[in-house]
Structures are given as C-alpha cells and as structure tokens.
C-alpha cells in the first residue's frame, strides 16, 4: 500500500514538474575516501540553498566521484547521457575538473564550479558555458602576495607540493609579492613530515613564510612548524585554515594570517542568514566550501528565475548577470566567467573552544584573475 | 563442451548483449559501463598471464596500465596542439590514430615491463610483491611531479582518437572496438596457454626445479610472461584513457593495481575468462553498492574477503567446479 | 649550507627512520614468524592514531592517549588475527594480499563512518611542545628528539625481547620451523596471536606518536605502509636488524635527498628547473635506493638466502 | 680403458666451517652404473647439486665429455646432457603425466619460446613423450593428473622425464626411496636397461639395489671419497665395513 502511494506521489510530482521548464542538476563531488569533507560541505551548502528556495522545478542528482578522475568522467557521461541533466556542478579538485569540464561544456551543458579553478579553464580553455563561482586557483595566493607587501614583508620563503596546483599557487604569490625570495621549495604530494623543509626555512634568513599545503599536509606542516621554534610570520591560503580542519590543527594555527574570499563574519544579511541556517540544519559551522556550494546554488536559482534553461543563450546571460545575494557581498563575473570579488585577509582566533577565523584586512579589492586576457570568447 | 566453456560463452554473450540492448533502449551510459568492463577485463587478462599462469603476484601492474594511458595522452595532446614530440634526431609527430597509439602503448609498456621485470624477477614470493608495488609507486610519483604532461592534473583529450572506418565517438561503435580487441586478446591468450611457452611457464609456477632440470631457465620464461602481460595491460590503459578522453596519475596508483587484481580473484585465478567475469561483476557492484551507501567500500571489502576466504575459485570456480587438467 | 643545518637534517632523517622502524618492525616480525604479508598494517597505524586522538580529546592526557593507541591497535590486531588472519597462514601470498587489501577498505571506510571525514586533533604534550637547544646551538623540537629516543628504546626492547626472553626463543623457533615449536608443546595459535598483536601495537604506537605532529586522518596509513615495505625489502624480510638498518637508510636517504638534490641541480640548471627536477628525483630516490640494493642483494641486506 | 663421460676434479664446497665436499674426484664411464653411497650427511646431495649446477663449487671442476661445465647454470647443464631425477619428486603436479613428459621433450628440443602452436598437438614431441612413458611402463597413465599418481609411479615419471632429455648422463638421487619391494624390483630392471642409453651416477640407500646394479661403488664419508671399487672390492674392504657398512652388507 505504502509503495503504491509513493509511486503515485512520484508520478504526480513528475506530471507537475513536466508542466514547467524543469532544471535538472548533476552534482559530481567527493563523498567517500580522502577529501570527502570538502565534497560533503559543498553538497550541504548547495542543498541548503535548494531547500530554502523550495522550488519543485529543480531536481538535483548527486554522485560520488571518490576523488578519481576516471570515475568523475564516467559519472559526467552518465549524467549527460542517461540522466539528461542541464547543469553540472560539484567538482572539488582541479584535476577532476580538467577531466570533466571541457567535454561537458563541449556537449552544450552548463558547468558551475563550486571549488576548482584551474588556469587553463580561465584562459585559453575558457568556455561560454563554464562559470566559476569560487575563484581562479591563483586568486587567494595573489591576495597573500599583496598582503605580504602591505605588511612590509621583504623576504619570503615559499613552499607548495610538487603538482600543478602547487606551482600555480607559488606563481600567484610571486605575481603580487614585491620582495625577495629567501627560498622556494616543492614538496612531495601527500608528504606528512616537514622537518627537512622547516630546517631550511630556519637557515634561510627569511622574514616570512608562505605555504600552500591543502588538507592533511597543511595540518602536519602547521603543527610541526609551531613545535620547531621558528617564529617567522606564516601566511597561507584559506584551504589550510578552513573550519573543517582548524580544529585538527589546534593552537598551532592561532594568529596565522590567511586569505579567503569568504568568512563567516562578513557583514551582510545573506551571510548572517546562511551561517545561522547552516548551523541549525547541520549542527556545525559552515566552511568556505559550504559557502561556495551555497552561492553556486543561489546563482543557479537566480538564473532559473530569469530564463528557461532550454534557451541556452538566455540562460547563459542570466547566469552571467549573477544577480543573487552572495554571502561574500559583492560578486560579479568577468568576461571569462570567473569571479571579480574582494579577497580578505583573516586571522585564526579562538572563540570559546572553537578555532575559527576573523577578517582583519582586505587583501585585494574587486580582483579578477590574470588569465582573463587569454580568454577569447 | 565443459561447464566452464559454457560459462565463458555466457559471459561474452552478456558483455556483448547488454550494450546492444542499451543501444536499442537508448541508454548510452550502460554502453559506457560495458565498455569500461571490457577494458578492465582486458587489463585483467594481461595481469592474469603473469599472475594466474606464471604465479607472479604483481602489485605494480597499474604502472603498465598508466603507461599505456600516457602513451595515448602524450601522442594525442601533441597532435591536438600541432606540436611535434621531438624534432631531433628526427621528427616525431603526435597522432590521433588509435592503431598507432596502440602500437606505441604496447611497446612502451612492454619496455617498462622488461626493465621492472628484469630487476623484480631476481626475487620471488613476497619480495616480488613488494618490489613491483614499489616500482609502481616510483612511476606514480614521477608522473605527479613531472610537469610536462600535466602532473597530477593529467591530460585531457577533447575528442576521442580515431579508428579507420569507425566513428569512435559513438558509444556503441567504441564499445564494439574494445570488445573486438578483448576477444582478439582472449584468443591470443588461449593460444599462449596451450603453447609450448604456456606449458613451460605454468610448470615453472608449479615446480621451478623441474623446469631447470629439463634445461629451461624459469627467469627467462617469467620475464617474457611479465613483458607480454605488461604490454596487454598497457593496451588496456590506452583504451581506458580513450574511453575517458583523459589520463592522469590515478591510473598509476597502487589502488589501481589492487583493483586489477580484484577482477581476477572475483572471476577466478588462472581461468582464461576469470578477469572478464570479474570485471563485469566489479562494475555491477560499483554501481549498485555505490548507489546504496557512501561507505560502499566496506561492503566491497567484506565481499572480497568472503571470496578470498571461502570461495577461492571465484565465480567460475563456483559455477564450473575445480579446474581440470589440460590435455 | 652550514654544518649546523646539515646536522639538523641528519637528526631529521634519523627521526624519520626511527618512526619507519616502529612501523616496519611489526610488519617484518609477522612475516618472519607467520610468513604473512599484511597490507592492513597501515590500517593498524591509523587505528592507533585515531584511538589516541579520541582519548586525548576526552581526557587531555597524552600518556593515556599513547596507552590507548597501544591497546586499541593490539586489540584490533588480535581481533582480526583470531577471525581472519589465521585462516591466511597456509594460503599463498596472493590470497594474503587480497584479503588484507579488503581489510584496508573495511577499516578505512569504517573509521570514516565512526569519526567522520574531517581530520582529528592530536597535539604534542605541553612539556614537549617547544624546541630545545642542543650542543652547538642547534634548535631542535623537543618532541622529535623524544621520538628518536623512544624509537631507539623500542628497538633495544625488541632486540631484548627476541634474544633474551622465553617468548623471544619461541618466536625465533617459529621462524626456523613451525612444526618443531608445536612439537615443543608451545601453543602455536596463541603465539601467533601474540606476535600479530605485538606488531599491531607497534604500528598503532607509531601512529599515535606521529599523529601528534601530523594529521590524524583516514588513509594516513597507506603511504607509510608502502615506505615500510621499501624498508623491509631493503633490510631483508623477517629480519628485525634489517628493518632497523633499512629504516635508518630510507629515513636518511629521503630527508637528505629532499634537502640536497634541488641544491645540487641548482649548480647545473636554472633555479626553477633545478627545484622541479630535484624535487621529482627526490620523491623517487628511495625506490632507486631499493632497486640498487636489490641488484646486489636480491634478498635484502640481512635476508636469508 | 672405457670412455669417461662425466668427471669431477677435486671439488670443494664449504658451508661455514663445515666442509660438505672435500676434494672429491670421481668419474663415470660409458655404460656403467656408478653408485655413490655413504651415511646420512656425508655430502651426497651437495655433491650432486654441485654437478648439476644448483650449487656453485668453491673450487674444482666438473667435465662432461671433456667439456668443462664451470660457470654454467643448471638449465644449461641439463641442455648439455645432464639428466637428473630427484629425491623428492619435482614434477608439475597439476599437469597430466603426458604434459610432464612433453615438457622434458620440449626441453630437449630447446624451442620453448613458441607462443601459438598448441604444444600438446606437436607430433614429434608426443612421439618422444609416449616412447619414454612406454619405457618406464606408464603408458596407461598418460592423461592422469600427476598429483593423482602413486609414489612409485611418480618415481617412474621422473625417470621418464629424464629419458626424454636424451641425456648423456643420468644423475639419480635415491630412485628407490619409498618404493615397495615390487616397485624396487621394477626400478632395478628399468635402470639395468637405461644404462645402455647413458651411464648412471646413482645415489642410493638401498644396499640390495646398489650391489645388484652397480658396476662400481664410491663411498663418501664427511665429504671425502674413502674408497672406489667394484662391489666385490667394496664388500671386502675392512675399512669400509668398519666405517660405514656394518652388518648391512649381504653375505
């Protein structure tokens, strides 16, 4: 009996939906294995916005890519071929995005990136149907370089893992940083012991350290750096100071400056509501990734209000307009469909028992990325 | 015909039939899944020569799978960018032609297998397992940190490579191609199993002293088996990269080696069709269990454990019973 | 490059090596006595770290956390030995590899299920949190120095256990001839459970020690596991002494390689290329070391021919 | 003087302080069975392994038909004509009896790197294999799985495989071990035939068989040959009676 009712309800819903221009979203994100925390945050942020919008003409299909590029490609094929989605989103990692996005946009689907922003997709490989709602990969690093100048730092030691995003990161920092480099190091991806690097930092005579070590690598580095007795000021991008991992770093992160386009204390109504409802819904503080997922969904919903997804040109224009209340405050797309936004400098503080971030300055205002000029679109 | 033969034919019929049905029913994704199964099966058939017939437990076959993938990625990316691979000592152009890519993939992975095998086969047993694993890791880290071909980001190919007379972008045609390659390799493996070489290789697995005392060198037999095995897995890698139109170091990771081994164990070790059935079951599990729970690896692990502990012959063993002696 | 920096890097290599020894001692012991190759050893390392993090969070005591890591890993070890591993002793290596690979899947996702997807917090005890000044003016983290000392103490303890105690005699007898010790009236099943739990406890202990300066997260065990494999292949499988020498060799090679190679390439290449090539080569260096050892000694440095 | 087929020249081999082979020189002549006897631990197996190349000698030389074998591995020595049977059966147990013998024939032909032609349909290999099986009396068991053979049949199969190699010399390590009376009789009859094909260096504990078969006997004690002679000479040698044979010698 129950089953029959459910089927009936489903078919009614289907009928109802078919009357309107339905938008089907395929979310491919990392929900199992290493790095699942990021995907879960993006998904939760996205689904919170979907729930708040309460639209029954928006359907989201979610699949786990296990952080494997080949799985992500298969899922994209599945979503395009079998689920017939209109919009794809959700990918966390640049290498997965590089595997999925070009083929998806070439097949006429829209792709909204809630996290990864590899430089080829911002420059020569840009596409009208690709919108990045987070940042271009270099952005936060550029802001860190700019902040280092403002803070009067003259001689930085910089390090990142030896992989493309790591190289982009240090390139981004160097693009803005006006001082000297006391040293530049590339570590092994997934490395967990940084004693050798810290020894070199100590010996280098630098006046500051910039590092890009996402996930567990950053946790390890911060703890080991704090224990080493080297007390040069540390600067990093938000990825190593996110809500999800700060608790695992503990006191070692206190006072460290990091750059981010979002923080929970950004003062606008959308953000305040977001932080409050996210906590109420999931019982934890939202992270940077959750905010990006939330914005991505709201961007999509704003476009749905203005155009029919079947009319690709109109829908694209509606997306480009980006008329939604971003939790970051001002948000606009540049010509290459990447954000133009403020990037802030945050400091890690302790609120009661919880480690979190506080904005202390603006690193770059209305910042666009360095690859926009290469984009012919 | 034996029950095993019937099982094998049934497996081929299912593998070919499902995508045909999907084609009629307009479910292109099912075709993609079947293609994935066929390619994984091919990789497993390659490993099975070393593992099943030769008794060489290689935990580094992802290296050859990945090298095959990179052969495709590198050649196609150069062709895509109209930039030659090398201009000196003579001009080498990239290519988008599958037959050429396959040849390069086979040769490159065979050479890698020759180098890795020559060193690793000096050892045996558990040393061999660990050394192949370590060599696999070495190539993995090389691929991640070498910037020329995308490092960890990998390489994307925007259009699938071409095969004379076929539209490879059409899922069913590309499936047909992969299926044909799989069948051709299966025939080849069947011949090898029953050849002089196959007899000697399998005797070397059972009793090394015996083979030595009839004047054959087990090391040489194993090295040849390892090279052929690596070459076939490399060919599968090239196809896999073409299926995804993408290659990255993930194809080289040690978990990939473990998965290829899982195909064999699910189907049945040393059986010609073991990897074929194993890969089909694996794909099926991945998509049914994966849909049930985020934590589907727990169930996969439990299932695998059950097969290893209680159903040693895998699926074929359960259906066809103990392997009978060849004659 | 100063001498001080070089000495500090030597210490770092030593500390890394000692840590690897804790990990590989159990692995090599289990192989030596039971002939079992255990891929799930890395999971036991992870279990130790998670147990320590959970207990440290609940009690605030690092010492209790360490004890919890020993207990949890030993318990998990004994549990899987009794239920699963003992069925594998008579199987071939292929079955062992697959079954323990399956255990990794179960342990990793099971841990994520219990503890969630985010890394846990585990910090060094306050007393050891800062640097100490060594003779010659080297500033070195007190905790790392402690790891070196604790690791060396464990190494000495292992040698004493194997060479000076009744259990050790049985373990050595078991390595030589399984049937013989059964004939001596030793309960071989209990001995095996003990050895496996001991190896597990060592791995869990290493996980907790290292977890305090690294990140306690799912999947932390596998990279270390592969390094431990390299260590015992170099040292000779089954040899505790080999594991010790191999661990120090790998620890020093890796640390000094990361430090020196980019600088060496800087002499012949332009800086960014040198960093890139040097780092790429450094990440492969220990595997090259392993290949080199095997060319001359296919059974490792202290392996039995 | 009859032609010498196999000769060892002052072979030495030590394991640590233990001198397992201590200056052994012996020869094997055309058409003869030369038995090597001695107490357990005398170094018989070590010596055989040095001859076959499984163990490298510390010093000394092995010559086959005047060709020195120094530096050659067991496979190469087998190809040159050393046919060996093992104390503990060394057979491919999952293969059929016929497959084991074909493997030998294949080794003799030296064309193992053939990947496509079905080996079990090769007429000349099959002919050689069946001939060897007939010689040892295993023709009826050609398609039996080797693991299903009785102990004695496995011994016979070992000999059959050695036969397919068309060896210049047989090296037999305790072919009678574990055989019943009847089996031993059959084996003695078989070896008597075999010596016509190639001389046999026989290691055996069964003294009845040794004295029934051997043309010459060498006694190995602590890695040294203390005497070589005809069965009659050995029987009456008082030193040997005391040192080794005791009352085992048939009167």
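Per-chain residue numbering starts at 1, and chain names A, B, C and D are given in the order in which the chains are listed.
Heads up, the rule we're going with is that a contact is a pair of C-beta atoms (placed from the backbone, for glycine too) under 8 Å apart; a residue touches a chain by one contact, two chains touch by 3 or more.
It should be emphasised that the depicted structure is a prediction, and the values quoted were computed from it without experimental measurement.
Common neighbours of subunit C and subunit D, listed by label, are B. Of all chains displayed, B has the C-alpha centre closest to the centre of the whole protein C-alpha set. Distances between chain centres, each the mean of the C-alpha atoms, put D farthest from subunit C.
Put simply, the C-alpha centre of subunit B and that of subunit D have 44 angstrom between them. Centre-to-centre separation of subunit A and subunit B, using mean CA positions: 35 Å.
With centres taken as mean Cα positions, subunit C sits 32 Å from subunit B.
Residue positions of subunit A touching 2 or more other chains: 32-33, 36, 162, 186, 188. Among all residues of subunit C, those that touch two or more other chains are 108-109, 112, 276, 279-280, 283. Residue positions of subunit D with contacts to 2 or more other chains are absent. Shown are all chain pairs that touch, namely A-B, A-C, B-C, B-D. Against subunit D, the residues of subunit B that register as touching in their complex are 191-192, 194-200, 202-203, 206-207, 209-217, 221, 224, 323, 325-327. Contact residues on subunit D toward subunit B in their complex (touch as defined above): 52, 54, 73-76, 78-79, 83-84, 86, 90-96, 98-100, 102-104, 106-108, 110-120, 122, 143, 145, 161, 164-165.
Of all residues in subunit A, those touching subunit C in their complex are 32-34, 36-37, 40, 162, 184-188, 190, 192-193, 195-197, 199-200, 202-203, 215-217, 219-220, 223-224, 226-229, 244-245, 247-252.
Note for the complex: subunit C touches subunit B at residues 31, 37, 84, 87, 91-95, 97-99, 101-106, 108-110, 112-113, 222, 226, 229-230, 232-233, 237, 276, 279-280, 283-284, 287-288, 290-291, 294-295, 298-300, 303. Within the complex formed with subunit C, the subunit B residues making contact are 51, 57, 59, 119, 122-123, 125-127, 129-131, 133-135, 137-138, 141-142, 144-147, 254, 258, 261-262, 265, 269, 295-298, 300-302, 304-305, 308-309, 312.
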